[in-house]
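After the structure tokens below, expect a handful of questions from me.
The first chain written gets the first letter, and so on, giving A, B, C and D; residue counts start at 1 in each chain.
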Amino acid sequence: DDAWHVAGITLRSRLLLGTSRYPSPQVLDDAVAASGAQVLTVGLRRLQPESGGGQAFWQRIAALGCHLLPNTAGCHTAEQAVNLALMARELFGTSWIKLEVVGDDYTLQPDPFGTLEASARLVREGFAVFAYTTDDLVLARRLHDAGVAAVMPWAAPIGSGRGPQNLHALRTLRERLPDAVLVVDAGLGKPSHAAQVMELGFDAVLLNTAVAESADPVRMAAAFAQAVQAGRLGHLAGAMPERDTARASTPTVGMPF
Amino acid sequence: DDAWHVAGITLRSRLLLGTSRYPSPQVLDDAVAASGAQVLTVGLRRLQPESGGGQAFWQRIAALGCHLLPNTAGCHTAEQAVNLALMARELFGTSWIKLEVVGDDYTLQPDPFGTLEASARLVREGFAVFAYTTDDLVLARRLHDAGVAAVMPWAAPIGSGRGPQNLHALRTLRERLPDAVLVVDAGLGKPSHAAQVMELGFDAVLLNTAVAESADPVRMAAAFAQAVQAGRLGHLAGAMPERDTARASTPTVGMPF
Amino acid sequence: DDAWHVAGITLRSRLLLGTSRYPSPQVLDDAVAASGAQVLTVGLRRLQPESGGGQAFWQRIAALGCHLLPNTAGCHTAEQAVNLALMARELFGTSWIKLEVVGDDYTLQPDPFGTLEASARLVREGFAVFAYTTDDLVLARRLHDAGVAAVMPWAAPIGSGRGPQNLHALRTLRERLPDAVLVVDAGLGKPSHAAQVMELGFDAVLLNTAVAESADPVRMAAAFAQAVQAGRLGHLAGAMPERDTARASTPTVGMPF
Amino acid sequence: DDAWHVAGITLRSRLLLGTSRYPSPQVLDDAVAASGAQVLTVGLRRLQPESGGGQAFWQRIAALGCHLLPNTAGCHTAEQAVNLALMARELFGTSWIKLEVVGDDYTLQPDPFGTLEASARLVREGFAVFAYTTDDLVLARRLHDAGVAAVMPWAAPIGSGRGPQNLHALRTLRERLPDAVLVVDAGLGKPSHAAQVMELGFDAVLLNTAVAESADPVRMAAAFAQAVQAGRLGHLAGAMPERDTARASTPTVGMPF
């Protein structure tokens, strides 16, 4: 009843999961199951036949029964990303692509220019583009106007686990782009971080490191699944106003009903 | 399997709920059901026979099948609180008491002196004392040493919905009082707030206004229930370390397994 | 002795001031004097002869004896901004320009695309470009590589007075662009905000609303002047490391020397 | 013209300085001079004749021409603190005492009970008590009611350099105790931290580690002196209101005057 829609399909789960850095294939399988994720993202370079083990890995991922969202991690130009996406479509039969055009090797933040250029080209080529971006509203609006399937702002640098560094900017994104599919992608470290952004009204979150590098990835996958639902329900329920002063929850005079 | 223990009983739910300020009795019933709470706190003054409707309210609460935790909200001295607790035990047959000795009418914060004095007296009288307190470590340790069943620090002033104002102090409390039952009581406004404190290792949270004054209390009760579980699981799973810099979640060289 | 260099000149003051929104011309004059500012920014539209009073305003500003930094506030395209800059050079005999190409009317944030395009064109035209931008590292590096005189990231939306919304991003900018002149422009509200960014090693700050809309602009100008110096000295002195735990400042055993 | 009054004297400087942990006596002298401090606090144990070098240290401090504020650092009970204070009055001819009754060796936070007890006794003995305390409003009010000369809440644990951990609590203290002399004591690390609390209206700040353990204590002393003044001026000037949205500092239509 609280399904969401992206790239032409309907999803129940609002948690998208990455497939890297797990301690073992079995842990990956179990974490995916525990997360309830219906979309998995995987680095294209790992799926390519020439990379030893790529085929086995791909089959394992395919067996999990989720939508595959190949990503262009490691690309530094629009050209590289577009080429990789085209190849992915050929090999794996999906027109979904998680676009990453990295503009800085220290923050791994997207290059606004390359990201917008590649997005526009890939949309024209018929791709459903999930565009990894910063929390820049102007860039996000351009990506949305270019026709991407989802705009995916970071909360913090990838793999930093720091959680939302600029909640004001994220809130503004949501308020100003009410019609865009907005997914927070990158920088979350704890379940409460996921709940925070879902409470703002984001459509979903995408995680990898926070689950894979937890001491117990399977349990952490379940934790994030619950946190995403909690945040979503909290958004729908409507939070009480924040107040500057205290107010007794138990009125001491009279009856409440 | 992740039960906890307080005042001699075992509980599955880590969410304790207040019973005030709901828009209607029916919403209260439904919110309690949605929350999965096994402990309900209720203002003693509302339970007293002389307050018209007190009897009906009490029967309604009793019908919900939860442990009753009467509270001394509105008391300003140890004496008042102790007398109210004694009366409550007489009338309702429970030796549980949520002790509130308010020291300031603006913040509704506990009076450290009155709270410690009343705690000591009530423990001697055989009560299971759930002591509402600030995030002061020295006071919390004294309360624990006095034998209270649970030390219940605030996150922020009651009814403010501001969420944790001093996470450093809460973390210190948990680390320095590993054997105490610690429940965050007061000041939470959103599900993510509950997840934050559960991630620190608190045993449970107690809420009222955040649920009762949500636009949709029943849904918000469910949201908090999930957030508490998410935070608890996150604590057990062990979060990734926070990093200053980015780190690719998708390694671009070699295979992960 | 702690002078800094921008656009070919040497400045002692690290506080640049805007000239709008003051309650009266006299208060503006006095605030400029109290601030010690050596650079004043002024909206070009206000300087144009056709705007009634423009000439008088310009003469008043000129009489303050500061470097004039005309700005392109209100421009929404690179084209508009470049044209305005060209006209300003003609009329006022300065090749300094504070470039603002607004990309969103709600946040008044710069348009990354228009800002970079206009910067490149203006640099080619021989301007010293002071480029107002967000805290996006990739964009900032592009602006620096394009040859702007100063990269001027916001701390928060213009006129919001919220102070630094993403200190992590600002710190990263400073660390990753050690050779750029970096000036925080927009969003500061209190003296402590200015000190915070100066402590990170920014070269200067640019303010307007925080001074002009203070209850006492002249005193607030003095407050910011001191805060900028405090933050700068703090940066040069090198702050103590932040610690998780307490450590007695007065050792209780032995002598310190 | 902006002097303040404490313990019967009038002071210009709002920065009180500790005398421990400096790299050398000369650096201490120079830092005191750079800070403009008129009050120095020093651990009583270091002033006692039996501690080798105590006499020399005391003469050095006395030569700096500041008011001496002996402190009871290291005391764990009211009894110890009172005895030390009595001895100090005897030896050094001052009835000023900075009262520290530590309640926890990890946070070095004051013991609320011992601090209040010792304060009351020392006030009766004729001391001017500068009471180190937490940000607990009820305790602070009790100390004020007991007649202490200054209530001195921490910003964070001593020596942690973390800066204000709970600005909401500090703001509440100031608002609710308008007649008390309130000095932030402990936990500041950077000049901006001092400005933050002065902006709230605190009367002064007391520092030690942030200056003494800076890479350049003399310069850092000057930085804090400026930050304290900046924050004070900012408080007096009255900050602009914080806004949720942007607002052009340069109006693009019409003239401002």
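We adopt the following convention: contacts are C-beta pairs under 8 Å (C-beta built on N, C-alpha and C of every residue); 3 or more make two chains touch, one makes a residue touch a chain.
Remember, it's a predicted structure, so these values are computed and weren't measured experimentally.
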**Asked** Through how few touching steps can chain B be joined to chain C?
**Response** 2
**Asked** When chain A meets its copy chain B, do both sides use mostly the same residue numbers (more than half shared) or mostly different ones?
**Response** same
**Chain whose average C-alpha position is farthest from chain B's own** = C
**Prompt:** Which one, A-B, C-D or A-C, has the same contacts as B-D for more than half of its contact pairs?
**Reply:** A-C
**Request:** Return the distance between the CA-based centres of chain A and chain B, expressed in whole Å.
**Result:** 33
**Fill in**
When centres are defined as mean Cα positions, the distance from chain A to chain C in whole Å is 35
**Asked** Distance from the CA centroid of chain A to that of chain D, rounded to the nearest Å?
**Response** 47
**Request:** Could you tell me which residues belong to chain B and also touch two or more other chains?
**Result:** 106-107, 109, 162
**Message:** Edges wherever two chains touch, nodes for the chains themselves; is that graph a line, a ring, a star, complete, or other here?
**Reply:** ring
**Asked** If you look only at chain C, which of its residues touch chain A in the complex?
**Response** 103-104, 106-107, 109-113, 116, 134, 136-139, 141-142, 156, 162, 165-166, 168-169, 172, 176
**Asked** Which residues, counting only chain B, touch chain A once they are in their complex?
**Response** 18, 20-22, 24-25, 42-43, 45-46, 51-54, 57, 71, 73-74, 106-109, 157-162, 186, 189-193, 195-196, 199, 208-210, 212-217, 219-220, 222-227, 229-234, 236-252, 255-257
